[in-house]
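Shared chain: chain A. Partners: chain B in the first complex, chain C in the second.
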Partner chain A sequence: MHMALQYGDDAAARPDAPTEGSATVVRAGDEGFAGDPIVFDAVTYSYDNRTNAVEGLSISIHPGEYVAIVGGNGSGKSTFGKLVNALYVPDAGEVRVMGLSTSDEANRFSIRSRAGLVFQNPDDQMITSLVRDDVAFGPENLGLPVDEVVGRRDWALDQVGMAEMGGRETYNLSGGQKQRVAIAGILAMRPDVIVLDEPGAMLDPRGRRGILRVTHELNDAGVTIVLITHFMDEALTADRVVVIDKGRVAMDGTPAEVFTQHERLAAMRLEEPFAVRLTAALRERGLYVPYTIDEEELVASLCL
Partner chain B sequence: MSVVFQDVSYAYGADQPPALSHVSLTIPDGQFLGVIGHTGSGKSTLVQHMNGLLQPTSGRVIVDGLDLADRRSRHEVRRHVGVAFQYPEYQLFAATVREDVAFGPTNLGLGAAEVDGRVRRALERVGLAYDEVAERSPFHLSGGQQRRVALAGILAMEPRTIVLDEPMAGLDPRGCEDILGLVHRLHEDGMTVVMVSHSMEDVAENADEVLVMSGGRVLMKGAPDEVFSRREELYRVGLDVPQATRFQSRLRAAGLSLPQDVHTIEALADAIVASVGTRTKERYQELAARAGGVAGDRVARAGEDAGATKDAGATTQGSDGR
Partner chain C sequence: MRLGATVFGRYYAGDSVVHRMDPRAKLLIVLVYMVAAVLAVDLWGVAVLAAFTLACVLLSRIPLREVFDSVKPLLFILVFTALLNVLTVSEGTVYWHWAMLTISSGGFWHALVFTLRVGLMLFGASLLTLTTTTIDLADGIEALLKPFARVGLPAHELAMMTSIALRFLPTFLDEGVKIKRAQESRGATFDEGGPWQRLKMLVPLLSPLFASAFRHANELSMAMESRCYHGAEGRTSLRALRFGRADYVGFAMAIVMVVLLVVTRVMLSAGVTGHFA
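Up next is the complex of A and B:
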């Protein structure tokens, strides 16, 4: 998979199989766009013109939010990321990124020149052999002056906790470190929004926790984060959870609102938070406790 | 098939630190062994010794009495020990699912009828309908289906032992459940199963024994109850205990009497009900109201299930795990 090359791909050439795992970055326009950074307006997209991967999907991501997009394989959640990046263009409806429609060919360069991709597999995204060169790659391609490139590079490496690692060879890094370098490469483009498509799927728990921490630090610093994930423990840390099923928004709310709906989640065969699974097992045994995602609260309920 | 490691050490190069140091262990025939250890602990190196793909720098690996130092033994053992590496679907190559799964048995020199029978059986075992997938390109299937095709290719060799390195990695919960169910069935059918996993839950719920690797050595090997009770040692090598184990400690700290150590949600639910008894919703609300105070009030409000979601929204701060 040479997904790093998808930058220049023709969005009309549709791969037969959707590939999972990419991150898309949107940099603020020079025009100082202040609306919702990502807007899906009744978007329908089909890979094969038979079944719709997303169907009438409407979502607005608000500035500064940390949104987790959750769903099973084939739910359409990965298609979401590729539609943001204008890698795919809606068959119907419209995707607007920083106010720019991805359907308008004239906008695509603008959207893509602000877009970087990070993938599920960190090995797919290392372009150069030195960490610092890899992070500088994006801003260099923007044609920025050298001082600016170096400044952004060092800042971005610092943001992901890799400031000391600039001189390292990328192939010597762990999966989690590579993923952080990839995020730094995106940060160096100075995005307002980062969309990460299952960035931790190939990492061990420690690597995943590191990536999650970085995304939260960035969010605290004002970057809007959209995390596409199937790890519920990751989704629990978001401000907002959007569940996508069969290409549509099935649920949209705070983690507590979404994850306490045991029956609906079970019907979609989505993983549930530990406290919800335990509550379901207790109820099956005739011990009533209210559904909660908060383990502290479950302890309190049981110790009444 | 039994697998025996006798004082096995392995280094990837003369100037490299050992990836395995003096590993001795026995996996009895028919066992489900879960292998845990953080990245770099040697667990992948270990499993690659089980069919002779890697050979010990020193020590011996003996499978069903055959010493893998001998080339003929290795050849023989490879027919009976199937190894699924991480992301086995990356090794799919044929134009159709049928050809891919048939590759191994065909290379064994089996007749066309036997090969066809094996392909059908293997696909059925992994939960794929032969008529639906056999003539399709494996690359047009979903990730979870591709993984199952890759496993079918291993099962078509009709091995008696299967070694799986992170078989659920990268799959969504549904895909994980499918693969775990498959591995569980293979074990029930009598196969010896060795499964490397990051998920303490999957290991706690499925394995007969757990092997904990750290720094290329065996740190522990024993029943899940035994291993996961040694929490401090696991933490020290960067491993976790199952969530149920952790939650049990919290309940104990809060004063609940739970004498038996448990490691699965089901066992924990049993233990809690044994301690607390059953409660109707009405009884719960009564108790919550009587508890009073801020905590009681919060619990009581959350107890109103229909309206719980809005209120619960205000109580998520504590669970924010950053």
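Up next is the complex of A and C:
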């Protein structure tokens, strides 16, 4: 896969370039936004007005970061994704995406096109029967000119390694391929951030690895990635790991900083990556190995 | 249940003139074709209709067998219309008579003409779906309904709903099979007992299917919203429909066929030519 994820200097190629006479969704605040793309400011959200799914959650995602958000069932990590995408609006506090508040309804389309959300179930985000039509769905909704829609569609399919599959029916794809189409569908809107809500939960290990690779390639090309996951091994590949527990940030740091604190992780019933568990078990049995989160490093120290 | 077997309404992939035609043109031609089928009341008319149909099949490069196969599930309609005509029409020599039923020579003629007409109608409709993908069909319907949007008809929404329904058809078929197997593994039987018994067995099959459909709908609507869907207004339509030469020619041919049918009818009733049937 070739990475050239520059959205181009060509002003006409920018999603916000207003097309004359059409009802193009104009993206506010597009010019030179340099702050944190996602900011949660003491956000509280409840589904039923009794228990809070997230409670006083404050977090900033920095530009260009690859952040893994981990947490157990019911920790509030999925709610996070829907709050970013303005599908849910905070009961208290504020979510700002590229400086735009999700509470202001006028910002909604700008926010959704700039911080895309990939869902867990690949079947429920395939909107049309043909792969290439599905990828074009977002840009079509943005009211872009036809050439632009076609260009972005083909480019996005190429980015996720599905360039040859445009004419296929979405129904006949594997789960991993569907998820890649879903990512392409988001990518075609040229977002600054992509939030993926457990994209591998319904995939086999091979499909999951493929998705992980694509997200890293996109991140290398400059897209900020937020990966919500319960697979700790996936979280290991991130720049930064944020652990959410009971709707709040419980831990926040590099994978090494987070995964070496096994008591705290165990208390939140989070399983550590395999290398960490093995290290802990070995130390418990009196075999000294330095704490590590890296499998190769562990192998190296064991072989010494 | 297997998809892609002999199902009326399936698509036969190809790249013929007919395949490439504008779906609007094809829909309009089928509409004209249906009018023609109503006008074709004798063998002359049926011959004109059959010639047109055959020309379309040849142009579509779909093997005649495939077209027959796709109409096969509806064969019972033809048998039924034929029987009805044979038994009810009383014309010419009467061979047999009992209560309201009559078998006569005229009945056989009517049965022949009528069955051919209905058969050709099915042929024409089937040719439309064989050569047009579901998306194209939905686009064509949307475009044709657009003038009615002014009087409040939600043309875009109707087309979107149709295409989503078509997109989810295989998903639901799969889920239906899964649920059926799950119920069977718990001892349920679906093909035993009387009609009432069988009908009752549909409840444990359909209620989980409906529940799942609602779940899908909820998730899908969120996915659509998150991709900035907001109805037809300000939305680019990538699949721009263009009327080409083939579309004009095809439509003109259909009109010519109708004119021909009208002319033969008028001439026949004026007694210029001899009675064919």
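Just so we're on the same page, the second predicted complex is superposed on the first by the 263 of 304 C-alpha atoms of A that agree within 3 Å, B and C clash if a C-alpha of one lies under 4 Å from a C-alpha of the other, contacts with A are read in each partner's own complex, and residues count from 1 in each chain.
Here is the rule we use: contacts are C-beta pairs under 8 Å (C-beta built on N, C-alpha and C of every residue); 3 or more make two chains touch, one makes a residue touch a chain.
For clarity, every value in this text was computed on a predicted model and none was experimentally measured.
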Partner chain(s) touched by A:V149 [first = chain B, second = chain C, both, neither]: second
Chain B versus chain C as contact partner of A:I186, first or second or both or neither: second
First (chain B), second (chain C), both or neither touched by A:F137: second
Greater residue coverage of chain A in the superposed arrangement, chain B or chain C: B
Contacts of A:T170 with chain B and chain C, given as first, second, both or neither: second
Which superposed partner A:H230 touches (first chain B, second chain C, both, neither): first
Chain A residues within the chain B interface of the complex: 16-17, 20, 72-74, 120, 174-175, 198, 201-202, 204-207, 212-213, 216, 230, 233, 236-237, 253-257, 260-261, 269-271, 274-275, 277-278, 281-282, 284-297, 299-304
Contact set on chain B toward chain A in their complex: 38-39, 139-144, 169-175, 177, 198, 238, 240, 243-244, 247, 250-251, 254-256, 265-266, 268-270, 272-273, 276-281, 283-284, 287-288, 291, 295-296, 298-299, 302-305, 308-310, 312-313, 315-316, 318-322
Contacting residues of chain C [partner chain A, same complex]: 133-135, 163-164, 166-167, 170-171, 216, 219-220, 222-230, 233-240
Parts of chain A lying in touch with chain C, wherever the complex brings them together: 22-25, 82, 85, 87, 109, 112-113, 116-117, 119, 121, 123-130, 133, 136-146, 149-150, 153, 170-171, 185-186, 189
